[in-house]
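Paired with chain B in one complex and with chain C in the other, chain A is shared by the two complexes that follow.
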Partner chain A sequence: MENKKFKIIKKKEILKLLESLKKEYSIFVPIEDNGDARFSEFKSGQDIFWDYRNTKISPKEILFPQAETLFCFGPGAEVKAEGSTPGGKDYLIFGIRPCDAQAISLLDKVFGGEDFEDPYYLERRKKTTVISLACSKPQIDCFCTSLKGKPENEEGADIILFDLGEDVLAGAVTKKGEKFIEKQNKWFKDAGQSDVDKKDKLMDLSLNKIKSQIDIQNIKEKLDNAFNDLLWNEIHQKCLGCGICTYFCPTCHCFDITDEINPKAADSKTPEGKRVRCWDSCMYPLFTLHASGHNPRPTYKERMRQRIMHKFNYCPENFKEIFCVGCGRCIRNCPVNLDLREVLVSLMSLGSLCKDKKI
Partner chain B sequence: MIEKIKETVKKLFKENKIDIFIGYSEGTLPLRSTPCFITRSEDIEKLVWNSYCSNNLAVYLPRFFVSQRGAKDAKLPRIGILAKGCDGRSIVGLIKEHQIPRENIYIIGIHCGGMINTKKIKKVDIVAAEEKNDKVLVEDEDKKKVELKKEELLADMCKTCQYTAPAVYDILLGKEKQKTKKEDREAFIKEFEKKPLEERWEYFQEQISKCIRCNACRQACPNCYCKECFAEQAKPRWIGPTNDISDVMFYQIGRIFHQAGRCVDCGACVRACPMGVDLRVFTYKLIKDVKEFFEYEAGVSLEEAPPLATFKQDDKQEFITEP
Partner chain C sequence: MNNPYLPIPVTIKKITIENEARDIKTFDLVFNVKKETEKFKYTCGQFAEISMLGIGEAPIGIASSPMDEDLVQFTVKKYTTGVVTSALHNLCPGDMIGIRGPYGNGFPMKDFEGSNLVIVGGGFALTTLRSLTRYILHKKNRAYFKDITVLYGARSPGELIYKSELKQWDQRDDINVHLTVDRGDKNWKGRVGLVPNVLSEIAPRSENSIVLVCGPLIMVKYTMLPLMDLGFKPEKIFFSLEMRMKCGIGKCGRCNIGPKYVCKDGPVFTYKELQGLPQEY
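So, the complex of A and B:
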């Protein structure tokens, strides 16, 4: 961060810059939607919701949509893989919060990992430039600093922006970001020391706003022996078994694949079916229901344990990363206030004695 | 009030009348209380009672009896539960539909003055809140305090509550609260009925277009205890799992229709929705129709037979033949 060359741009100019990029990119910006914020494709004359706290739905839906058609099939229908970016344009995700940008870097490990490559995700991802907006609006249920995050975390972003009021400070994070700024150089000026000082002050202020701090050092190791712990009997109790925590989570990535058949398609040119991939949730009983009728995760308890273990034990094992960025969405939106922070704190209280506890 | 609740629960444990108690404890966020399950008497101190106890606790009851169903000599748990008027109506429904045995449920009824809908507070950066009589004092991150009237923050279904306490209970606590007349509760639906078809359709479309199929409305509903929901049935497959508008529409219409003669208008579905989908006009329309056609109201009596489980020669059937 020390030697980063910062550029400065007027907020008003950013709208013009985005406007000029519309031919080249599908641009996603935070806008106000029903009193909340949500990412939406940038339209001419539209303003950006600069002051947003964080979007209700995480921007993972841009790269990993809730439902997407993989291909169509049927007599006369050409089997053609879909899933490219609309119009073949590149993606520009503008103004996502650092926690969500970090989440993208985690999704990259899943969909573009050594073992499996997901062409649908990867095609979009390769074409994507991520411009994040450093967080000056943490909420009371944000806890990114308990994990790897901080208001100016750069992970997952190509460029990071700082909202200084009328001006915006921009710093390239990756080569891709550097090139982007270089190419758009005419919109930017070199930033002065006073701008950088302003930024530092802003970030200090922001960091101080994050009051929620939990200690989850070595949680992976704690959980290694916790599978059969009695604590799980209590943790799940108030869970309703809805999909909010997983659907809103920027790192949850489980999906279901189904065929949608249109039996009435008489016209042979009409594709008679399509294969659809859509978000699934480990909190649903159907998630692990076998064709035989057996379900290895029959109750709320096993399903809740899976969600926590996947994020804090299996993913650290497989990808060397905790799959939680502390964005707080699962806490904010849970209809029964089942707070992940509380769950983690109680799991951290497990001592070595618990190893032998059996159900 | 909370002391009375604690005292009652303590007594129940002491006299060995219950194995578990379901009530509310303090939430982790301002303006939130959270369902809590008590099995040890030392945890009774955690219980709270305030205007944030909006979750319908009846939803948790069926799961205690599911695995034992059909098993001979199974030892069923005895559950104590704190029940507001709406929770109480749901409990009655569950008993009548044979999902929970009456003798295993100890109902602590409570006169409820209504619960707050936090979405009605426009300030988004509340970091603390305190309830004082009929006021709520909220504080933002700059320590600025604002006093709000509780009455103005009440959830829609609470504002016009017809039954502030359960009809069936083992003990009833608190002072009687002011109730709304049926006509006043129905006012919103009568207004909606007057709208032209296009407008009503538009409202429905507008609401369901927000839905992300997270199933929170279904999961929060005490009536939605089906082991397998039509929405997930594979044979036959009624709907797809996507958030495509046709899937969403089918899901929501199916969910609403399955409430005919059963919905108690607790509003749990509306409260649970993270996207602000409000289909209460449609569930309430069913309540109103069932009342008109069959003179039946769900959740207010253990004896009256549910209309879907009975047949009378003079049952109204215009609605079947005349759409």
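So, the complex of A and C:
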């Protein structure tokens, strides 16, 4: 970060810049919506919600929609290229928080991969430029610094922005980001040292606002032998199995595939409809139910364990990454206040009693 | 980019009812476009997603042998509550469906060369073991493998599948076939007894042997005891596991046992590998 060449742009100018990019890009920005924030396609005259904390629904839905048609079938079936974007335009995701940008870099690992590639996600991803907005609004349930994150984490972003009030500081992270800024050069000025100092101060302030710090450095190793621990009998006790934690999570990526039939053509001999994939959740009993009635994860206990183990043990094993960015959404939105941090802390204490007593 | 989610059209050439309860059928499938046949190169123990537009998909083990040209076979048990398996059972020869695959690791056939093979199957789970047996019995392959023993059991004589093929195998002198049923009937002259017990009785030797086990979980579990007693090493015991699946390609995140995805890292695992995984299957 030290040697980065920062640019500066007037906040007011950004709306104009985005306006000028509308022909080329589908642009997604944070907007205010009934007191909450969410990402929405940028429309002329629309304001950006600069001061948002974070969006309720994570912006993963831009690249991995909640429901997506894989293909249509039947007489008159519409043929669509995989991962096609509206009007074939590129995507510009503007102003997402660093934790959510990092989550995109994690999804990249799932949908890419050596053996099979997911063309729907990857085609869209290829066309996407990610401009993140460094975080100055950590919330009480954010704990990104306990993981890899920090308010100015750059992972997953092509460009990172810092909101300095009247001005916005911009730093390219990737080649793609550099090219983007070069191309839009007329909107930017070189930043001065005072701007960079201001940014540093802002980030220090922000970092200090993150009060929640848990020590989960070697959680993967802790969990290696924790599968049969009795602690799992307790962790799930409050859980209702609503699946909210997984729906809101920016790194959760499990999906279902189902067929939808066009009701108008239901009686015709050749089926007409579409095959759709949609978000699914490991917190639901149907997720693993065999047609025979057997279910390898029959109760809340096994399902809660799967969710935690998947993020903090299996993914670290398979992708060398913890699949949690500490955004706090699952904590904030759980109807029974099941706090992931508490779960992790109790898991971290596993075995420590024995070690002390040398049993 | 190649799209792994698109099913390839195939036509049903023949349907064989395999059992008395008439809920197990074998489907002979032929690719509508010939060059797809060549692309669908598989090994024993792999599976494919069978796709019915408007209904859904189901992962089914490939029952034919890689040596069978021009056709792919699947043997499917119908569950009355099962959406895809029920719909499949309503189809007739000539109907068109789709398949995508082959998926999964399959049995490491090359590693088996030079060994005795003990093949233990129960119920309709004989499918991929039938693929393997057909493969090793093929005249081009038989010489690569030593003694072959097949132990196959079902609940009743009427529930034994691939009956005519079992008879053909039994008539050969380069394979030992043992059939058993949990409960016989008045025409049944063969063995009566559970697979694990019969295995102890016939006591195949473990020296230089590989054992492959497919069947209901409970049978598989109880087969481990006699296998251990007979001295089979955990790394020489192979299973095919089942978990609910959707994508078949390691993306949808539902078929994992610990960090392993059954669709991608499996469905074939050794007992040794399984001992290192959580018991959640």
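The criterion applied here is as follows: the second predicted complex is superposed on the first by the 335 of 359 C-alpha atoms of A that agree within 3 Å, B and C clash if a C-alpha of one lies under 4 Å from a C-alpha of the other, contacts with A are read in each partner's own complex, and residues count from 1 in each chain.
Rule of thumb we're sticking to: contacts are C-beta pairs under 8 Å (C-beta built on N, C-alpha and C of every residue); 3 or more make two chains touch, one makes a residue touch a chain.
Every value quoted in this text rests on a predicted model; they were computed, and no experiment measured them.
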First, second, both or neither for A:Pro335, with chain B first and chain C second: first
Which of chain B and chain C A:Tyr314 touches, first, second, both or neither: second
Contacts of A:Asp256 with chain B and chain C, given as first, second, both or neither: both
Which of chain B and chain C A:Asn34 touches, first, second, both or neither: first
Chain B versus chain C as contact partner of A:Arg125, first or second or both or neither: neither
First, second, both or neither for A:Cys282, with chain B first and chain C second: second
Residues of chain A that lie at the interface with chain B and also at the interface with chain C: 256, 258, 280
Chain A residues touching chain C - in the complex, by the definition given at the top: 70-71, 73-74, 82, 110-111, 113, 115-120, 122-123, 227-228, 253-259, 261, 271-273, 275, 277, 280, 282, 287-292, 294, 296-297, 302, 306, 309-310, 313-314, 317-318
Touching residues on chain A, where the partner in the complex is chain B: 34, 53, 56-57, 66-67, 139-141, 209, 234, 237-238, 240-244, 247-248, 256, 258, 260, 276, 278, 280-281, 284, 286, 299-300, 331-333, 335-339, 341-342
Of chain C, residues touching chain A in the complex: 1-6, 53-58, 79, 81-82, 85, 217, 242-244, 246-247, 249-254, 256-259, 264, 278, 280-281
Residues on chain B engaged by chain A in the complex (per definition of touch): 27-30, 32-37, 55, 59-60, 63, 124-127, 141, 210, 212-216, 218-220, 232, 240-244, 271-272, 274-276
